[in-house]
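Heads up, the next two complexes both have chain A, just with different partners, chain B and then chain C.
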Partner chain A sequence: MGKHVMGVLVKNHAGVLSRVTGLFSRRVFNIDSLAVGTTQDPEISRITIVVNGDSYTVDQVAKQLDKLIDVIEVEHLYKEESVTRELMLIKVKATSQNRSEIIQLVEVFRSNIVDVSATSLTIEVSGGSSKLEALIEMLKPFGIIEVVRTGVIAISRGE
Partner chain B sequence: MKLTGAQILIECLKEQGVDTVFGYPGGSVLNIYDALYERGQDITHVLTSHEQGASHAADGYARASGKTGVCIATSGPGATNLVTGIATAYMDSVPMVAITGQVPTSLLGRDAFQEVDITGITIPITKHNCIVKNVDELAESIRLAFKIASEGRPGPVLVDVCKDVTAAVTEYTPISIKETKTKEFIKKLPEVNESILAQAIKAINNSKRPLILSGGGSIIADIKDELLTLSEKALIPVANTLMGLGSFNGMHEYFTGLIGMHGSRVSNKANSECDLFIAIGARFSDRVISNLKRFAPNAEIMHIDIDPAEIGKNIKVHYPLNGDIKAILRRIIEAVEVNEDKKAWINQIKEWKEKFKKKYVDDGTLKPQYIIESLHKLTNGDAIIATEVGQNQIWAAQYYKYSRPRQIISSGGLGTMGYGMGAAIGAKMACPDKTVINVAGDGCFKMNCNELATAVKYKLPVIIALMNNGVLGMVRQWQTMFYDKRYSQTTIEGETDYVKLAEAFGAVGINVTKPEQVEDAIKEALKSKDRPVVINFVIDKDERVLPIVPPGAGIDELIHE
Partner chain C sequence: MGKHVMGVLVKNHAGVLSRVTGLFSRRVFNIDSLAVGTTQDPEISRITIVVNGDSYTVDQVAKQLDKLIDVIEVEHLYKEESVTRELMLIKVKATSQNRSEIIQLVEVFRSNIVDVSATSLTIEVSGGSSKLEALIEMLKPFGIIEVVRTGVIAISRGE
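So, the complex of A and B:
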C-alpha cells in the first residue's frame, strides 16, 4: 500500500469529472485527493489524482481510466521524477500575546499571512504534503479554526 | 443541404447502413419519428410493447448479426426503461447505439415533464454517452457513437438528443460509411508485446497438459477458424464460457463443454490438472473461477484479450497477451509445434468425456434436458437459441450443441431475466431465414411476455420453449441445496393458462406434459411461418441444474448428482 500520483489529461467537457469520480467509487478505488484545472490548451483539462493502494490498484485505476473515451492520457508521476505541490489555507486563533509567535512560524515555513483579525490569522502555504502536515502540527496548540487544501498537483521533472 | 436535426439523425443512421431499429415513440422524439415517417423507407422500425423489449431486441439483433443494434426511446421513463437493456449489453460487450429524446435545452435542469438525466444514469453502463444540445454537433455525435460502439471491445453508446435540436435546421453533408470506418480508432488498439508472445509460444510448446478457455471475445473477434486450427494442430482441448459457446464446435472431440459453476466435469477436472491455462477473449468472471485458490492450481495462466483492463483484473497472469486476439492467434499458430507429449493428455480428455458423459435420470416424466436435446435434433442443430436466465439458460447451454458463433443469445454477465423474448425478436429480424427459439422459464417469460404481441405484429415465427415448472427454478434449487428447503417467495405457479395467453396475443399455444408429445409439438411449432408459437412444457418443480459448484467451493468440488 502507498500513495501514488497520476496525471490524467481529459477532454474539457461537462460531465467528464463525474465519469472519472464515478469510476473510482464503482470500482472501489480509494483516492486521497483529486485536483482539476485547465491546461495550456483550453479544450484539455488535467486531473491530478492521488491513489491510495497497492500496485494492483494503481494498475487497474490507470487501465480503467484509459478506457474512458474522454480520457486522452494517463501519466504516472513517480516521486523521484516529479514535482508535487499542494496549496493550503489555514485559519488559527490568535491573540495579541501569541500573534508574533505564529508569525515567526509562518516565516520558518516560508508561508504568508493573507488575513488578520483581532482573534485570528489566516495563513497561505504551499509545498509538499509533509510540509503542510508539519505546519498543521505546529499550529494545533494555538487552536485551528479551519483548514482548506487544494489536493496535490504534480508535474514531471525536466522536459 | 439544409436539414432538421431529426432528418439528419435519420440520414446518419442510413450512412451507417442501419436497416432495422427497435423503438417506442413519445413526446421528445416526435420529430425523430416524423423524419422516420418521411425518409425512413430503407429502415424497418420495430415497435415493441415496452422500451425494455426494444433494448433487448437491439441487443439480440446485434449478437445475431454482428452489426450494431439500434434502439430509440423518448425522454424520462422511455429512457429509463432502456436501462436494463443497456446494462445487459454493456456486461456482454454488445455493440449498441441507444438514441433517447430529451426535453428542450431551455427546460434542461428544471425538472421538466419527462425529464431525466439519462446520460448521468447510464455513465456506469455505457462505453460512452453524450447529450446533444447543438444541432451542429448532432451528425458527428451519431457517427462517433457507432464508431465507439463497434470498435475495439464493443459496447453500448447512448446519445441523448434535446427536442429543440431535432427541430433546428443546419447544413448536413453526407459521408459514406467507408469514410467513418477508415478514420483512426478513437482508442488505439494495443499491440502485443513481442517478447511475451515469444515466451507464450514457448510455454504452449513446452506444456504437457494445456487447456484453452474460449469466451465471448472469441465470438466478437470471429476466431472460429483460428481456434480450431490451434486446437487441432497443438492438440489442445477447448472449454467454453457461457458467452463463448459456438466459438468452437460443440460436437468436436476436443470440446470439453462449459467451465465453472455449471461447468462439465471434464472441463473442471481439466482445469484442475492442466499445466497451462489459456484464456482467449474471456474475463475470468466469478462464475468461472469460483474459489480462486482452487482454480487451475497446477497451471500457469495465459490471457489473450483486447482489453488491457481485463488482464490481471481477476487473476494473476503469467503470459499477458494484450491485443487483437485474431492476430495473436495467427502468430501463435505459425509458431506452435506439433507435440507428442500432448497426445496422452488429449486421450485423457477423451477418456473423461466418455466416463463423465452427461446424463439425466430418465424416469418417464418430461425432462427439460430431453426437451433441449429434442430441439437440437429437430432443428438439425442449426437454430439460434435465445435464452432467459436461470435453469432454462444453463440447460439450453449444456444440452444444445452449438456449432457456430452467434448461435446462442444469452445474458451472461448481467443475468437479465426477461431478456430472451426481446432478444429472440431481434435475432429473428437479423436472421429471418434461421429458426429462432427462446428457451424460457415461466418466471422470466412472465416478465416480458408482452413482446409476444410484437412478434405477432411483425409475423415473426419465433418459438418460445417454455420450461414451466411453476417456480423460480434456479433460486429454488439454491434454497433446496443451501437454505434447508425454505422456499421463500419462489413459488409462482398460479392460474395462468399459457396456451390461452399465447392465443390472446394472436400467437399459437401448445401444451406438453408428457415426453412422447415433445417431438410432435416441436415439429408443429417449426411449421409456423408467420406466427410465434408458445410451447408450454410442464416440468417438475424440483428439476435441478447439474453439475453445480457450491458457493465458496473450488470448481473441482462440483456436485453432479
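So, the complex of A and C:
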C-alpha cells in the first residue's frame, strides 16, 4: 500500500473526465487528489491523480485507463524520479495584535499574502504536501477559516 | 458567456467526484479546469471547477450540483470578490549557452527552478492564469518539453 501518482494525458472532449473518475468509482478506489489542467496543446489536458493502493492494483487501473476513449497516455510517476507540488490558499483569523507573527510564518514558509482584511489574512503557498501540512499546523492556533488546495501535480525529473 | 468559478464542498466518499463530473458530462458543459483537494477537515474535500457558459445555465448547474448525494455546499466565486490562483510545472530545453537567459526569466516571473539536467530546466510557477500563459509564451522559443497545470483554485476575499 502507498500513494501512487499517475499522469493521464487525455483529449479535451466532453465526458472524458467523467469516464476516468467513473473507473475509479467502480473500483472503489479512493482518489486522494485529482487535478486537471491544459497542456501546451489546447486540445490535450493532463489529469494528475493520487491514489492509495498496492502496486499491483494500481498497475491494473493504469491498464484500464489506457483502454478508455480519449485517453492518450498513462504514466506512473515514481517518487524518486519526479517532482511533485501542490498549491494551497489558506485564510486565517488575524488581528492587529498577532498579524506580524503570522507574517513572520509566511516568510519562513516562502509563501505570499494575497488578501488582507481587518480580521483575516489569506496566504498562498506551494510545495510538497508535507510543507503544506506543516503550515496548516502552524496556523491552527490562530483559527483557520478556509483551506483550498489544488491537489498534487507531478513532472518527471531530467529530460 | 464567460468563465465561472465554482467551489463545491463534498463529503470524501467514493463516487462523489464521478457524480459531479457526470453531471457536467450529461449537460455537455465544457469544464475548463477541475481541482480536488482536501480541506482542514479530512472528511471533506473541495472541488474547484471552472466552466464556460452564461450565468443562467451556470446557476442551473449549481442547483443540480446542490442536489447530488455527498455535496454539502456550492459556491459561485465571482471574479471581483475572490482570489484565483493556479500552479504550473513547466519543463523547457536548456543548454549551457542559454540557461542563464532562462534563469533571468524565472526571476522576473518570481518562479522557482525545481529540477536541472544537462539539457533541460523544470520551473514551478504560481499565479493567475494570464501570468502562467505569459511565461509559456516567453519559454516557447527555447522549446517546451512538458507542461503540467493544477487547474484554478479560488477563495473569497475578506472574512
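By our rule, the second predicted complex is superposed on the first by the 159 of 159 C-alpha atoms of A that agree within 3 Å, B and C clash if a C-alpha of one lies under 4 Å from a C-alpha of the other, contacts with A are read in each partner's own complex, and residues count from 1 in each chain.
In this section, a contact is a pair of C-beta atoms (placed from the backbone, for glycine too) under 8 Å apart; a residue touches a chain by one contact, two chains touch by 3 or more.
Keep in mind that what you see is a predicted model, and the values were worked out from it rather than measured.
Chemist: Tell me the contact category for A:Arg149 with respect to chain B and chain C: first, second, both or neither.
Modeler: second
Chemist: Report for A:Arg157: first if it touches chain B alone, second if chain C alone, otherwise both or neither.
Modeler: A:Arg157 contacts chain C only, not chain B.
Chemist: Applying the document's definition of touch, where does A:Gln60 land relative to chain B and chain C: first, second, both, or neither?
Modeler: The first partner, chain B, only.
Chemist: One more residue to check, A:Gly15. First (chain B), second (chain C), both or neither?
Modeler: After superposition on chain A, A:Gly15 lies in contact with both partners, chain B and chain C.
Chemist: Mind telling me which of the two, chain B or chain C, contacts the most residues of chain A?
Modeler: C
Chemist: Could you look at A:Asn52 and tell me whether it touches chain B, chain C, both or neither (first, second, both, neither)?
Modeler: neither
Chemist: State whether A:Asn98 touches chain B only (first), chain C only (second), both chains, or neither.
Modeler: Neither partner.
Chemist: Residues on chain A in contact with chain B in one complex and with chain C in the other?
Modeler: Residues 15, 18, 22, which sit in both footprints.
Chemist: What residues on chain B touch chain A, complex-wise?
Modeler: 119-120, 123-124, 127-128, 148, 186-187, 307-309, 312-313
Chemist: Please output the residues of chain C touching chain A within their complex, sorted ascending.
Modeler: Per the touch definition, chain C meets chain A at residues 7, 14-15, 17-18, 21-22, 24-25, 28-31, 33-40, 46, 48, 83, 85-89, 91, 93, 114-115, 117-120, 122, 124, 126, 136, 144-151, 153-159.
Chemist: Please output the residues of chain A touching chain B within their complex, sorted ascending.
Modeler: Going by the criterion above, the answer is residues 15, 18-19, 22, 26, 56, 59-60, 63-64, 66-70.
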